[in-house]
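Note that subunit A is present in both complexes that follow, paired respectively with subunit B and with subunit C.
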Partner chain A sequence: MTLKVGIPRALLYYYYLPLWRTFFEALGLEVVISRPTTKTILEAGLQNSGDDVCLPVRLAFGHVLDLKDRVDVLFLPRLVSIARREYICPKFLGFPDMVRHGISGLPPLIDPNFNLYRKDSPYPFFVALGRNFTGNRLAIYLAYRRAMHAQARYVQLLEKGLFPEQALAVLYRGVAEGQEPGGGGPAVAVIGHPYNIYDPYISMNLLSRLARSGVRVRSADNLPETLVREQAARLPKHLFWSLGQRMIGAAWHYLQSPDVDGIIHVASFACGPDSLTGELISREVRRRGKPFLNLTLDEHSAEAGVVTRLEAFLDMMERRQFLPAGESV
Partner chain B sequence: MKVTFPHMGHMWICLAAMLEYLGVEVVVPPPTSKRTLTLGARHAPEFACLPLKLNLGNFMEASELGADTILMAGGCGPCRFGYYAQVEYAILEDLGYKYRLVVMEPPQRHVGELLSKIKYITGHSSWWEVVRGIRFGYQKARMVDELERRAHYLRPREIHRGSTDKAFKRALREIIAVKHPRDLPQAGERVRRIMAGVAIRPRPVLRVGIVGEIFTLLEPFANYDLERRLGYLGVQADRSIYLSEWINDHLFLGLVRGLRSRKEACRAAPPYLNHFVGGHGQETVGSTVMYARQGYDGVIQLLPFTCMPEIVAHSVLPGLSTGLGIPTLTITVDEQSGEAGLMTRLEAFIDLLARKKGVV
Partner chain C sequence: MKGYLGIDVGSVSTNLVFMDENGEIREAIYLRTRGQPIFVLQEGLRQLAERLPGNIVISGVGTTGSGRYLAGIIAGADVVKNEITSHAVAASTLVPGVQTILEIGGQDSKIIILRNGVVTDFAMNTVCAAGTGSFLDQQAARLNIPIEEFGKLALKSTVPVRIAGRCAVFAESDMIHKQQMGYSLPDILAGLCEALVRNYLNNVGKGKEILPPVVFQGGVAANAGMRRAFEQALGLEVHVPPHYNVMGAVGAALLAREKMAGGGTSRFRGFGVAKTRFKAGGFECEGCPNLCEVVEITREGEVIARWGDRCGRWSNSLGYKENAV
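What follows is the complex of A and B.
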């Protein structure tokens, strides 16, 4: 019987699934991903985590609970750093411990440190990870190569304009890449942490809602890494959060780009890094005067409220087109 | 150049001593008050943590007194503090304040970056003088910490309510008044005599450790004077980190021997928290374990609302508390906190500890 490895559909799932999944499958393991977020999953997460923990992490608790009884081992890498001299957020550093002490009756956790703070290659991480399942160094190396290849292909698809779910469908379900939706609608950049904007339940279908209104949607992940970093380098000091780098770099790029008409910033309630990066973004937006919407999500967000604000935002963008250049609404 | 810096408890005493010794003109911001908080909270991001808001308020009030240069510390994450200075500066700039910003960053590439900033602030002083200045500031920090420890001991035992606080204030003035390192020993003597004058009676007291985020631990305005309140409730408090220990850990890289160090606390944190999480998260967990081992009656964790490292620590505290049998109370502070609510929780917690120990 093949061993079942559980991967929660939460946190950096939207960045790294191909990397993890291909690696495990190449080693002959079965990968089980938690089901898409539902009310039940979120409620379970809320009940098992502390009150002051942020929504994405509480949701991740829910996804762990969804997998708990269906897998043999749970894969919760401790994501210390995904780029040189950068971290993600303290909660990513402590997540495995939070889960271990918050949920009882868990299958064994596999939580090696993923740490590129001082090195460039993630290979040692994969060796440590693979050793849990096999002693065969060659098999681990080959699985690593395939995983890196799949990840590169995934990033390529994202940069072509696809969103994570579409790109994953291309990679794993053989769906055709499809044409980039053209049309003459306004373009909006949605800037936010991947686990907030790409989870349809949490974002209340923000991306598809915009698309249905005829809006061409862009996100930070549609931009190449080098471009994002070039923009973020304009900050007075190197920003030590990788996700913040991406969000600031993308926001600043889209602010200058004439074919993006507005920016929506999505943050979860009481998000620590966002309180500072969001502030820097909104100050820059105010200087440049593009339509800007700041959406804060938490477990109490109601769909009607979000829809109203979204409609008002789209109306505002539409009206600006009739204004003489240089004037604001 | 008139240099100012944010408040963090009694830190201003050592910073001002050091800078003034080196001939730098210093503007100490007015003591942190409701007004500071209102000013800061009005202009700071909503979800920024309380220290940022208070820092900002300090800078705005210091500017009214003529300060034109901000001296701040930096950091390389993942705690937000490392980016405070830049965000605070952006806010002040947009508000029209004319400040120069000097951030002491931990040297990443070259120690020269840090040295040149020190030179910029201290001007003509020789390096030897700079070292003496730092040493002078550090000695004052040691004295203030000693004084605070003494006050923690005396408060629950004093015969006349408030006599410790009165003596504490007088003693603090003695320390502040010292302008040259050679006068420190005599001042120390006077401080000891003042504190010895507090009349006490022996009685059973509870011992409670206070852990958490450094700013809320050290700044009485942020923690509603927690240590004093505990003292009045018959509790001898101990803080998991004192200013001089922090200076030793972060500026002197632990060179001064014989002080408690963060390494010890971090070693005690596993298996509850197996990795550093930025800020003082791992120290919070480790110190709680150490207080439990030392037979303390309870532990109070302090954190500003949205503080990421402390939230991680908070998540593992319940398991630790049951595992080691030490009651814990977590107090989150922000601009919305109310004094009455805090007192009610504190009294309930102390009642629980007293009943458990049988000293009601």
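What follows is the complex of A and C.
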């Protein structure tokens, strides 16, 4: 019987799924991804996580619970650093331990360290990971190569303008890439952590609401890494949070880009780094005077607040004549 | 006489205005919502019909506020707009050249920045309701003073007491402490106004360029103590416009006029809706694990609107076109 490996649809799922999934499948394992976020998943996460962690981590608990009884092992990489001389939020580092001590009756956890702070290659990580399943080093190497290739292809699709779910559908379900929807609507850059903006439940369908209103949506992940880093390098000091760096670099790029008419920054309540990056972004936005909206997401489910702010933001753009005349929201 | 109806159904108050074709506000009604938006809206329509002459023709209806979709269904709205746009449109029409709008309502507070008559930036309070009208209401009730007297009393203060404004819960315990120490009531009330203004400017007004003319509107603008605290904190004159407490409704009426300028007949259901039996009910959909709480509005037993479902299974089944984003 094939071993089932569970991957939660949370946290850096939207960055790294092809890397993990292709690696496991190349080793002959079956990958099970938790179901898309629902109220039940979120509630389970809220009840089983500590009350002092941020919403995305609490949600990730819900996704672990969704997988708990359906898989043989759970894959929760201990993410320490995803780029040289940079860190990511310490809650990612502590996540496997929080899960191990917070949830009982779990299948075995596989949580090797993913740490690129002093090295460039993630290969040692994959060797350690693969050894849990096979002693065949050649098989691990080949699986690693395929995983890196799939990840590169995924990044390429994102840079073409696709969003993660669309790109994953192209990679794993053979869906055609499709044409980017054209149209003369305004373009808005949505800047936020991938686990906030791409999760339709958490973001209250932010991206599809915008699309339905005729807005062309862009995100940080549609930009090449080099471009984002170039922009972020304008900060007086190296920003050592990788995710914050992406957000700031992308926001600054889109601010200068004449094809982008407005910026929405999405932060999650109780996120430490967001409070900093949000402020840095909004200061630069004010200097440049593009329409800007700061949306804070939390566990309250009322959509009214988000809808009111979005409507007002689109009205503001329309009344500033970014929307074509006569198009109502 | 022809004119436009503006309706603002907020968490604390429900306001209706009748505006004639020249933009003159002929009637304004301010009612407490008391958690019964449908009943209070019907009551407001009934009162408005009584006050207006018999030959009235409603050429357009606009609704706004957190209950704008509900009000839009009940009254038959031609335009349903969010409260930020409505407040901005009202202020820039009544106070030409306005550059900053401070608005404090029952459960939210907002700042709107305009340049050349166009909104360029805005912010609303996030997860914290400290510094909104509800808190002032609650404290006035605790101190046993009518909310109408609050501002007058605060103006009598000579040395406002420093009150912690970060959080309503802490502000309250701070006030109790100051009372026990023997500070005078006016000084405590003035201190509370200053604390709320500080909280507002730090949270809602953070990073905004506040330029004159500054307009202060929303129910809390009735409080002269709050107005003085704003003037002192900003070092600017703060105008409280006429109709300050129904500005959302004024904006909705103006937006209705703008919408109907192109012609067409209003969807207004008539003042008779005050007598129609509307009922708001709800149920939990069990179609998927989201367990959405679906709201259902019925008129004389017939379902006329549903919302609250994430997937559209219920709202779409009526052919009800979603006009929200």
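The working rule: the second predicted complex is superposed on the first by the 320 of 329 C-alpha atoms of A that agree within 3 Å, B and C clash if a C-alpha of one lies under 4 Å from a C-alpha of the other, contacts with A are read in each partner's own complex, and residues count from 1 in each chain.
Criterion: a contact is a pair of C-beta atoms (placed from the backbone, for glycine too) under 8 Å apart; a residue touches a chain by one contact, two chains touch by 3 or more.
Predicted, not measured: the structure shown is a model, and the values here were computed from it.
Undergrad: Under the stated touch criterion, which partner chain does A:283 make contact with: subunit B (first), subunit C (second), both, or neither?
TA: After superposing on A, A:283 lies in contact with both subunit B and subunit C.
Undergrad: For A:30, select first, second, both or neither according to whether it touches subunit B, subunit C, the two together, or no partner.
TA: In the superposed model, A:30 contacts neither subunit B nor subunit C.
Undergrad: Is A:240 contacted by the first partner subunit B, the second partner subunit C, both or neither?
TA: first
Undergrad: Which partner chains sit in contact with A:308 here, subunit B, subunit C, both or neither? Use first/second/both/neither.
TA: Only subunit C is touched by A:308; subunit B is not.
Undergrad: Look at A:72 in the shared chain and tell me whether it touches subunit B only, subunit C only, both, or neither; answer first, second, both or neither.
TA: After superposing on A, A:72 lies clear of both subunit B and subunit C.
Undergrad: Identify the partner contact of A:225: answer first if only subunit B is touched, second if only subunit C is, both if each is, neither if none is.
TA: Neither partner.
Undergrad: When the two structures are overlaid on chain A, which partner does A:205 contact: first (subunit B), second (subunit C), both, or neither?
TA: Second partner only, subunit C.
Undergrad: For A:159, using the defined touch cut-off, is the partner it touches subunit B, subunit C, both, or neither? Pick first, second, both or neither.
TA: Neither partner.
Undergrad: Could you tell me which stretches of subunit A are touched by subunit B in one complex and by subunit C in the other?
TA: Residues 269, 283, which sit in both footprints.
Undergrad: Where on subunit A does subunit C make contact in their complex?
TA: Residue positions touching the partner: 38-41, 201, 205, 209-210, 212-213, 269, 282-283, 286, 289, 291-292, 294, 296, 298, 300, 304-305, 307-312, 314-316, 319-320, 329.
Undergrad: Please name which positions on subunit A make contact with subunit B in the complex.
TA: My answer: residues 49-50, 52-54, 78, 80, 85-91, 93-94, 96-98, 101-102, 113, 235-237, 239-241, 269-276, 278-280, 283.
Undergrad: Name, in rising order, each residue of subunit C that touches subunit A in their complex.
TA: Counting only subunit C, the residues touching subunit A are 66, 81-85, 118-124, 126-127, 207, 209, 288-292, 310, 323-325.
Undergrad: Quick one: in the complex, what on subunit B touches subunit A?
TA: So the residues of subunit B touching subunit A come out as 45-49, 74, 76-80, 82-83, 86-87, 89-91, 94, 103, 105, 108, 272-279, 281, 305-309, 311-316, 318-320, 332.
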